[in-house]
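Pasting the structures in now, so scroll down.
Here chain A shows up in two complexes: once beside chain B, once beside chain C.
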Partner chain A sequence: MSFSEIWLFLQQGLLSGLVTGSVYALLAIAIVAIFKTTDVPNFAQGEIFMIAGYVALSLLLIAGWSYALVIPVTVVAVAVGAALFQRVVMERVTHSKGVGPQLVIATLGLAYALKGLVRQTGLGDTPRSLPSLVSNDPVIIGDAFLTRLDVAIFLTSIAAMVLIYLMFSHTRIGKAMRAVGMNPRAAQIVGIRLSRIRMLVWAMAGLISALAALLITPKILITPDIAHIAILAYAAAIVGGFTSLPGAVLGGLIIGIVENLVGLFISTNAIVVAPFLAILVTLIVRPQGILGGKPQVKKV
Partner chain B sequence: MRTMTLDRWALLAAALVLIALPFTVSGYVLYVVNLLMVFVVLALGMHVVIGESGQFALAHAAFFGIGIYTAGIINTAWHPPFVLSILAGGLLSAVLGYLIGYLALRMRDIYLALATFAFGEAMQWVFLSWEKVTGGSNGMKMDPAELFGLRLTNDLQAYPFVIVLAALMLWLTVALARSQYGSALRAVRESDVAAMAMGINVKAMKQSAFAISAAFAGIAGGMYTLFTSFIHPESLGFQTTILVLTMVVVGGMGSVRGAVAGAIAFGLISELLRQLMSVQEIIYGLILMGFMMFKPKGLFADRNRRVAREVKHKEVQA
Partner chain C sequence: MKTAKSLLVAAVAALSTLAAHAQSDPGLTDKTIKLGLFGPLSGNSMAYGFDVMNAAKMYYDKVNKEGGIHGRKIELVVEDDRCNANDLLAAVKKLTEQDKVFALNGGSCSAAVVGAREYVERSQIPLVMLNASGDGALYPPSKYIYGAFSISQRAVGGSMVQFAAEHLKAKKIGYINHDDAYGGWNLEAAEFQAKKLGVDLQVQSVAPNLTDVTAPMLKIRAANPDVLLITTYARPVSLLVKKAQELGWTKPIVIAVNGTADLKQLVENVGNKDAFKNVYLQEVMTDVAGGPKLKWVYDMYKAYYPELAAKPGYPQTYMPYGIPSAMTVVNALKAAGPQLTREKFLTALSQTKFESNVMAGPIELTPTDHAGQKSAIYLKFDGEKMAVVPGAYRSLWTYQPK
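Moving on, here comes the complex of A and B:
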């Protein structure tokens, strides 16, 4: 491999990595936000993302709606669904037993039920992509080659992240979510209703997942297996520290870049192992993650 | 004391049925029973990590696969007494499990779940892509297991060994639970901090519990090679882990009886619905959610509580 080739691959990997990484970052934000406020790593994250893809696909291609309707309906439907899951299932689990493993198992159950549902309907049999709103015209940056769609994905993701940041730092609900994340009991004492905040966090996570799905599905084929993308998001969250939202963004971008570089330099097949390796390297080199801060001891 | 005798009766009845079975039924039924015994050992392994130590690990299928490939490759290459090839698979799983547990449990408990989840996916990819060793997506043919010249070529021949191994693993699980190690594990499960205050090395306990559970899965893989001669990576994915998790959850986390009963019930269901993967997925998903909502301790929890009460009662009298 010549030097100029390596230089080209590096540029291409970096830029393509930023594009896919920004979508992983969105999903990682959803995972971290739920983990911070409810102490649950959401194992259904990938399936929620997948379902969003299928909702959009059914509305667009089967019901024949236009994008102007499909986007808001998909986003709202998935957000409401996620909120209902927290309100109906998770709150009930918390009341019956209330500890970690039970809640995690409930999310695994949701993941599995959703996956089975999609396969049962037969929608998954023919992999399809959503039509793209933005053209696939090339955009050349340096020596690297992106499409306009890529650029749109990246910019929309960044805009969403800015909005999420503003919500957490400037709105009452966002501040309440952060308070619950820091100390739920104290938050309850100052008048925050925990169940409502948890529900809203799940709604937000659903909304973000739907957005991520709408962004990436014109670029990839939708199958029931795209839920696997969540492993990359978990890896991103761990690399970033698992409790830090900026960490999740950074982790997502890093995972995206690593994935693309592995694909270009080694083999596209090897990408499947990338998340596990990223998790291992993080745990060996910096177990608390890049922006994880000092590990905390769990309170009794 | 009543529950003890009940357990004895159940064991006796099970033993009689299992002894009578090979004289009365066809090969397919024996195959299913062999398979159920493998599921029992898998569920016992999951029970050790989730029930006894309160951790989450989602790579059971991967360790099962490691056990199968290790034992199968050793059997094909050297034809040793199968006990050795099964032990080799168990040992390799235990070592890998210990390494992953050692790294993942440095931070948060939940990292074990995430790391093992990613490990499971990575291992399935390894099984699929390492064609020289595993045959990749064509699957791998394995020579029959041998014991001092006896070749196990069908389900009937393998049956007694599978039963004995399953009984041995069951005995090990109960012995583990009753040992001081088991008490220490449950102390860790109930409260990290309280356990630490009593001088228990919490991290070491969690790591070793996960390694033991991985070893169980590896041994289950070895048992599988006694009555099958072909393995395909398809069956070693996340769905197998979820199946085993469902067995343990429905039976009752922390209950050995529950793990065994769950393994038998869901082993049968998965065999009956083998053609209907998506139906299985929906069923397991709904069961997992439903049990967590309405019966988080599983079906056998009440009996455990009764035992606990009796123990307490005895202690008060003493």
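Moving on, here comes the complex of A and C:
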């Protein structure tokens, strides 16, 4: 491999990794937010992302709506759907003295239900693409090629992350969510309604998933099995720190870049293994994740 | 006296064994041969086999109308396997043990049909696959199993390399396959063919669920091959063709039959017809679907299933694949003669050679190679129209016992 090739691969791996990594980061934020406020790893995260893609696809191609309508309707529909799942299913399981495993199984149930739903429509038989709002014209940065769509994905994801940060740090609801994440019982004592906040967190996760789906599906295509992308988001959350929202962002970007660099410098066969290796290394070297703070010790 | 008595007993025993053997094969009467036909009649994978089974049924019906085989009519028992390994095994068991069929003709999905290999061998019942490529069940060869009447995965790779070297005059070939069993099989024959032809093969293997194809495509571009062969499934094909165009790739791209089931969707997914300026498609039939060489198959379908043929989406893409499989069964039954046994049928299968006028090459089975079809034709595809490239390109790989 010549020096110019190494230099090209480095630039391309870094830039392409940032694009896909920014979407992994969004999904990782959704996972971490739900985990922090409900103590439940949401195993339906990928399917919520997937169903958002199919909702948008149905509205665009079957109903013939314009993007101006499709985007808000998809985002709201998925957010409401996720909130209802928390209110109707998760809340009831919790009230009936449901423990962690039962809540996790409930999210698995949602995952299978959503996948089955899409397969029933017949839309899931072939890979499909959402029409792209931004052109695929090349954008050359250094020696690397991106497309305008890539740049739009990255910038929109970053803008969404900034908005999420502002919500958590400057709004009452955001602060209430953080309080529930830190100490639910104390938050309840000061008058925060846990069920309402948890419902809002699920709604936010749905909203973020819908946004991620609208951004990335014109690039990676959509099938009922595309939900596996959540595994990469989980890897991002673990690498960044499962209890840290900035960690989720960092983890997402790292996973995106690692995937590309491994594919370019080691082997394309190893791309899918790279996130799991990153998880293993993180768990061995820093189990709480890069920005996961100090290891927690629970007194019993 | 004692010796004569013993001889008599032995002769009676031998005769009764022979008589019992002659009548022992199930599914046979003087008037009928019972066959078990199975494939996906429902479920997500119905498109792979529903009309393939219809094609086989109409061919058997035609044979029956023409007088049958040595005076016997073919009687079909039909089962739905949903392209699912468990359902397929259940269907095979039912057909073998409950319906007591003479032979099995079925399987449209390789992964599912491979799972029945052990049972078929244990039950010693002949299985002639429908349109599954089924390399996993065909190599190493089993006495009882024949298939790949569309094309084997190995032949997919070998034929593509032949086309790239012979028609496109490529000396260096880029090759992207999957890193699963299917990818391994087609690569094995591609490497064999490349070695025979003296061309350089630059391989990138990717996972079927890969979301970002930048790395493999960039590495292929860096290797600077004369042509790119893609043997992946439909989704990675779309991503790779799109990425190739983004990276300014203008050399020929050849897409294997694995990824071309829905061309309209492929073009939509790529999103730019310019990406198809130099694209070729592999086709395992002798002509494009509905083309003049295949008109007789489509006319026959319309005559047998007028209501179905009038529906949008019918006949399904793979419909003609059912004919060569049924032809193979019929030819072997004829060759086995009027004193039909499973052994004679299996021997006849292993000596099969005929032109189906459906597939790109002849159907040829031997005692050591049970994959029926090894050739493909190629179509120049501009994103809308297709033009047949003259000639068929054959894979040279053959199974070598280790």
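Everything below uses one rule, namely that the second predicted complex is superposed on the first by the 293 of 300 C-alpha atoms of A that agree within 3 Å, B and C clash if a C-alpha of one lies under 4 Å from a C-alpha of the other, contacts with A are read in each partner's own complex, and residues count from 1 in each chain.
As a convention for this text, contacts are C-beta pairs under 8 Å (C-beta built on N, C-alpha and C of every residue); 3 or more make two chains touch, one makes a residue touch a chain.
Bear in mind that the values here come from a model prediction, so they are computed numbers and not experimental data.
Once the two complexes are laid over each other on the shared chain, residue contacts for A:Val272 go to chain B and to chain C alike. Touch criterion met: A:Phe9 reaches chain C, while chain B stays clear of it. Touch criterion not met for A:Ile254: it reaches neither chain B nor chain C.
When the two complexes are overlaid on their common chain A, residue A:Ala176 makes contact with neither chain B nor chain C. Looking at the shared chain after the overlay, A:Leu264 reaches chain C, while chain B stays out of its contact range. Of the two partner chains, chain C is the only one that A:Pro127 touches; chain B does not reach it. In the superposition on chain A, A:Ile238 makes contact with chain B only, while chain C stays out of contact range.
Shared-chain residue A:Arg119: touches chain B and chain C both. Applying the stated contact rule after C-alpha superposition, one finds that A:His228 touches each of chain B and chain C.
In the superposition on chain A, the chain among chain B and chain C reaching more residues of chain A is B.
Comparing the two complexes, residues 119, 228, 269, 272 of chain A contact chain B in one case and chain C in the other.
Chain A makes touch with chain C in their complex at residues 5, 8-9, 12-13, 16, 20, 119, 124-129, 131-132, 136, 138, 145, 147, 218, 220-221, 223, 225-226, 228-229, 232, 256, 259-260, 262-264, 267-269, 271-272.
Of all the residues in chain A, the ones that touch chain B in their complex are 35, 41, 43, 89, 92-93, 96-97, 100-106, 108-117, 119-120, 228, 231, 234-235, 238, 242, 269, 272-273, 275-277, 279-280, 283-284, 287-288, 295, 297-300.
Partner chain A is touched in their complex by these residues of chain C: 44, 47, 179, 204-207, 209-212, 214-216, 218-219, 222, 234-235, 238-239, 242, 245-248, 261-262, 265, 268-269, 271-272.
Taken together, the chain B residues at the contact with chain A in this complex read 50, 54, 56, 103-104, 106-111, 113-115, 117-119, 121-122, 125-126, 129, 191-194, 242, 245, 249, 253, 277-290, 292-297.
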